[in-house]
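Think of it as A, B, C and D in the order they're written, each chain with its own count starting at 1.
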Amino acid sequence: MEKEKIMSILEGAFDKGREAIPGGAVATYIPELGKADKNNLGLSICTKYGEHYNIGDTTTRFTIQSISKIISLALALEHMGVEKVFAKVGMEPSGEAFNSLVELDLNSNKPFNPMINSGALTVSSLLLPEFTFEQMTDYTRKVCLDPEIAINEAVFQSEMSHISRNRAIAYLLESKGIIETDVEGSLELYTKMCSLNVTAESLSNFGMILATGGINPKTGERVISGRTVAIIKTIMLTCGMYDGSGEFAVRVGIPTKSGVGGGLLSVVDDRMGIGVYGPSLDEKGNCIAGRPLLQHLSEELGLHIFNRSRF
Amino acid sequence: MEKEKIMSILEGAFDKGREAIPGGAVATYIPELGKADKNNLGLSICTKYGEHYNIGDTTTRFTIQSISKIISLALALEHMGVEKVFAKVGMEPSGEAFNSLVELDLNSNKPFNPMINSGALTVSSLLLPEFTFEQMTDYTRKVCLDPEIAINEAVFQSEMSHISRNRAIAYLLESKGIIETDVEGSLELYTKMCSLNVTAESLSNFGMILATGGINPKTGERVISGRTVAIIKTIMLTCGMYDGSGEFAVRVGIPTKSGVGGGLLSVVDDRMGIGVYGPSLDEKGNCIAGRPLLQHLSEELGLHIFNRSRF
Amino acid sequence: MEKEKIMSILEGAFDKGREAIPGGAVATYIPELGKADKNNLGLSICTKYGEHYNIGDTTTRFTIQSISKIISLALALEHMGVEKVFAKVGMEPSGEAFNSLVELDLNSNKPFNPMINSGALTVSSLLLPEFTFEQMTDYTRKVCLDPEIAINEAVFQSEMSHISRNRAIAYLLESKGIIETDVEGSLELYTKMCSLNVTAESLSNFGMILATGGINPKTGERVISGRTVAIIKTIMLTCGMYDGSGEFAVRVGIPTKSGVGGGLLSVVDDRMGIGVYGPSLDEKGNCIAGRPLLQHLSEELGLHIFNRSRF
Amino acid sequence: MEKEKIMSILEGAFDKGREAIPGGAVATYIPELGKADKNNLGLSICTKYGEHYNIGDTTTRFTIQSISKIISLALALEHMGVEKVFAKVGMEPSGEAFNSLVELDLNSNKPFNPMINSGALTVSSLLLPEFTFEQMTDYTRKVCLDPEIAINEAVFQSEMSHISRNRAIAYLLESKGIIETDVEGSLELYTKMCSLNVTAESLSNFGMILATGGINPKTGERVISGRTVAIIKTIMLTCGMYDGSGEFAVRVGIPTKSGVGGGLLSVVDDRMGIGVYGPSLDEKGNCIAGRPLLQHLSEELGLHIFNRSRF
């Protein structure tokens, strides 16, 4: 496909996304997040050959939030192995909202999966004795090919002062023997990771590395093992969009992870990574522009995992 | 790959499956199902070019059970369209066991997805005014390329006399305005569909048609629309193995639907359909031989949806 | 206390009740119930010496609804004994609304108590092989000292055509082995008992017999055993007002059972029975006039179970 | 009744209690509690005329645990009034175990009642800015007529190091805006109150004061207001024995509050207070000797709230 034709499809998708913005709202449960400009929208694509396509606010910095759950999970899987991680946290979609305590208590052995807060806090507790926050920031820079990633101190402080619910979850995990390391340290590490500033372009780079099965095509270097990448893409597909994951998989069919900072990380296997930034969120906490934008791309470019172009 | 090499991998997988059989048990909640021979095991593969590989009990008849949920969903999607069906039933994995009432009541608008009993009963109620059971049997024969599929009367009668829980679910659906057609008729249609006798080979044929995106390669005829097939494969991946779906997707990565009769229907997109028969079940109600058998195939042949052979 | 003084307190209570009527609404989930006159209000008191005090619509007939759960429980306890009944149904308040299925499923052994629908259907299934509906009607006439009690056919038919939820509950009970007799028969018997026509005065008579510990003071005849009466009064106190039972016990302190037909049956132990009729209901399904009316009586006459007049 | 006759009944009850001891076990979730002597048993009765009857280990000190919830609730009601307290915590029995988080999350406005941990922590948070622990200890001494009540430091320290679950509950309450004061301070105050050392005799004194409606008959002094006492007795009856409260009310009919230290506080209205100490607990966390012991007393002396001696 010619570059011109591609750009015209991307612009069509971008317009679909922009139309949806007024129907959403920026996150306000953390005051600092409420300062985002609701009308921002950025779309960045990085192909498996390292080529970039950017439209809109693709260099604006915003906090990565829940997308960091993917990065922490990757590091834990690489460092500790599959069985050790999944002894503490499940792999099942939960049908519950991202911050629910109920399902943790009903299913008492372990959190349903590493994408809900209870699961991500558990992963954080596993990493705590092994890595400093600085090392984890370096790892994030490496997988995003973005050396400028750093903590957003204002957001971090704001989150730390509205952390009661996550703290409740973390102590519940301790009471069940799931968190065995320092609870407050795990909470802080988790919150710091959520407060890293990225761009739509950083996310498209990370998505591209997941698309290649873990290799940076610009250097030929393996960044993440193939097994870890396969696990992560599967969990993004089944659990990446909170309690809207199933519908997103059916209608869009692109493994995607969202964050309440407005970011979306998408992977079209063996083809491209996609990064989106749009802080206007739908009622499930996902970037509201994302669904129509990515659905348009999926349909026009044949990106659905089970409905790819077959010619 | 040479045929000899392939057969040797299939036999390795078959052996892994056989080793797991003693750890399971045949379903006994319906007496007639309890009569199955626990040691039966069949593996049938049909490539997208229509070529068959069979090992073990691939022509033994057994009841299709929950795998019929896929066929009913396909027919409903084809006949009524996506939006009409999903107005009545969701697309979200539930984290609940296959016969749970709890989640229906907590999430009061509609059943989580069409693979749990409440969702499948809802689909059945949509089909009831449009199709006779005979027409649905014909459709099953067509998608399975198996003209000998017919009802197992003994199992059907046995199920009808142990149907209290499904009847409870169905009336609850009526009380919520989700089932709007005849409740007893919907229950009977659902139960009859579960009682159809298939073979591992029938299932591999059906899987092959899903793998091609809906086309029978032997005739070039389109059997199911591409859109319906994409939806079905997605839902098999996210919801096909009851509350073990997420782990199965991570570890095996092949969209699969199980039935308590011992059947497994698997699809390796663009490559093959796989049918398994093994009535010894694990505690979630899935064929216990299936996991090790399919995981072996997935690893040896590179069939994981996100970890395919890349050469 | 002089009769004049008493009447003035009763009139004060009646006025408090009347003021609350506009804030409620008649039940409409069963069309026939929706025909009641929202502004009706009747208060009937029968002392342990058989003396009556009546204000307002005390002879208007209305359906007994859930208050029949008390009568069926009494008959079951008398006929089968405490242990046999409570082997099938618990004695614990549930914190759930009257028609919830959730708690039945989470606490899988038996319904929480005989005042929620699942528990009452269970009691009905125990009575089914032992008593005809005619015999149970006679028993109701006897405990209410009202030979004119009879079924309201229009309400009964209306309820039978909106019975999906109760039918769901009943089949769920069968699937768990809790209902072991005919499900449809149990449902019909339960619904017929709910459709009996009573008056506020009938209820005050029944309340008076509970207040005396089971004796009709007019004849000296024992109508119910002391043990059964003690159990019933306790369960009325802990479970009689649906999920508002605890607050009612604290604030009013008079064991009371409500029905969505607008009736209230109250017992002031060793002093009097109280019957109220007011079809305007609050959002929990209790007669909205009842709380202020009975709270006024409780405070003015010292009727709170733990705050009685001590002189 | 002659004193001799009474003592013989008490001894009969005591023997019934002793027989039940081997079927239970001391609490071990807090190591320090596990040091109690399982075979200890004490029964102390204080009549409304101030007369004492003691059998067994009635002067052994043990920690008051959940019985302190009653004392804190009394103080909060006296100091802040009914409406302010119940704006933060409900009055409904929950059907849940004492330390459940689930019901708090499903019923999101406030804890079901002040006897479950979430409710008691809420009451503690209301008291925190108003009272020091020393003042609350003094209040406890006053209502128990026991100037020697003091904190058990070993138990307090042991509980503080196993407090994750309560901490989780407390932060969840903060996240919902229910706890508005210092969370850690509320937790510590609550835990200190649970760690107060009492005796069976202290509890019988407190029970006696509740039985009189709040007056110390030895001095004629009003210790607690009549309204507060009525509320407390009602809540003891409906919620005092965890998820066994309903059955205890039916079978024993004496408002009672238990603590995992082995204590029971019972009130026979207008007649007596009863204190029991027996650290062997049943599976719901109640003194296992208590049920048979108190049921025997209830039956022999006519103490059931709805089945009193009527001569």
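One rule holds in what follows: a residue touches a chain if its C-beta (ideal position, glycine included) is under 8 Å from a C-beta of that chain, and two chains touch if they have at least 3 such contacts.
Everything numeric in this text was worked out from a predicted model, so none of it was measured.
K.L.:
What are the chains that chain A and chain B both touch?
P.N.:
none
K.L.:
Rounded to the nearest whole Å, what is the centre-to-centre distance of chain A and chain C, using the mean of the C-alpha atoms as each centre?
P.N.:
The mean C-alpha positions of chain A and chain C differ by 55 Å.
K.L.:
Using CA atom averages as chain centres, what separation in Å is found between chain C and chain D?
P.N.:
Their C-alpha centroids are separated by 31 Å.
K.L.:
From the mean C-alpha coordinate of chain A to that of chain D, what's the distance rounded to whole Å?
P.N.:
The separation of the two C-alpha centroids amounts to 49 Å.
K.L.:
Can you list the chain C residues in contact with two or more other chains?
P.N.:
Expected reply: no residues.
K.L.:
Chain pairs in touch?
P.N.:
Listed by label, chains in contact pair as A-B, A-D, B-C, C-D.
K.L.:
In the complex formed with chain D, which residues of chain A make contact?
P.N.:
Contact set of chain A toward chain D: 100-102, 105-106, 164-165, 167-172, 174-175, 183.
K.L.:
Where on chain D is chain C touching in the complex?
P.N.:
Residue list for chain D touching chain C: 90-96, 103, 107, 112-113, 213, 226-227, 229-231, 233-235, 237-239, 243-247, 249-250, 253, 255, 269-270, 304-307, 310.
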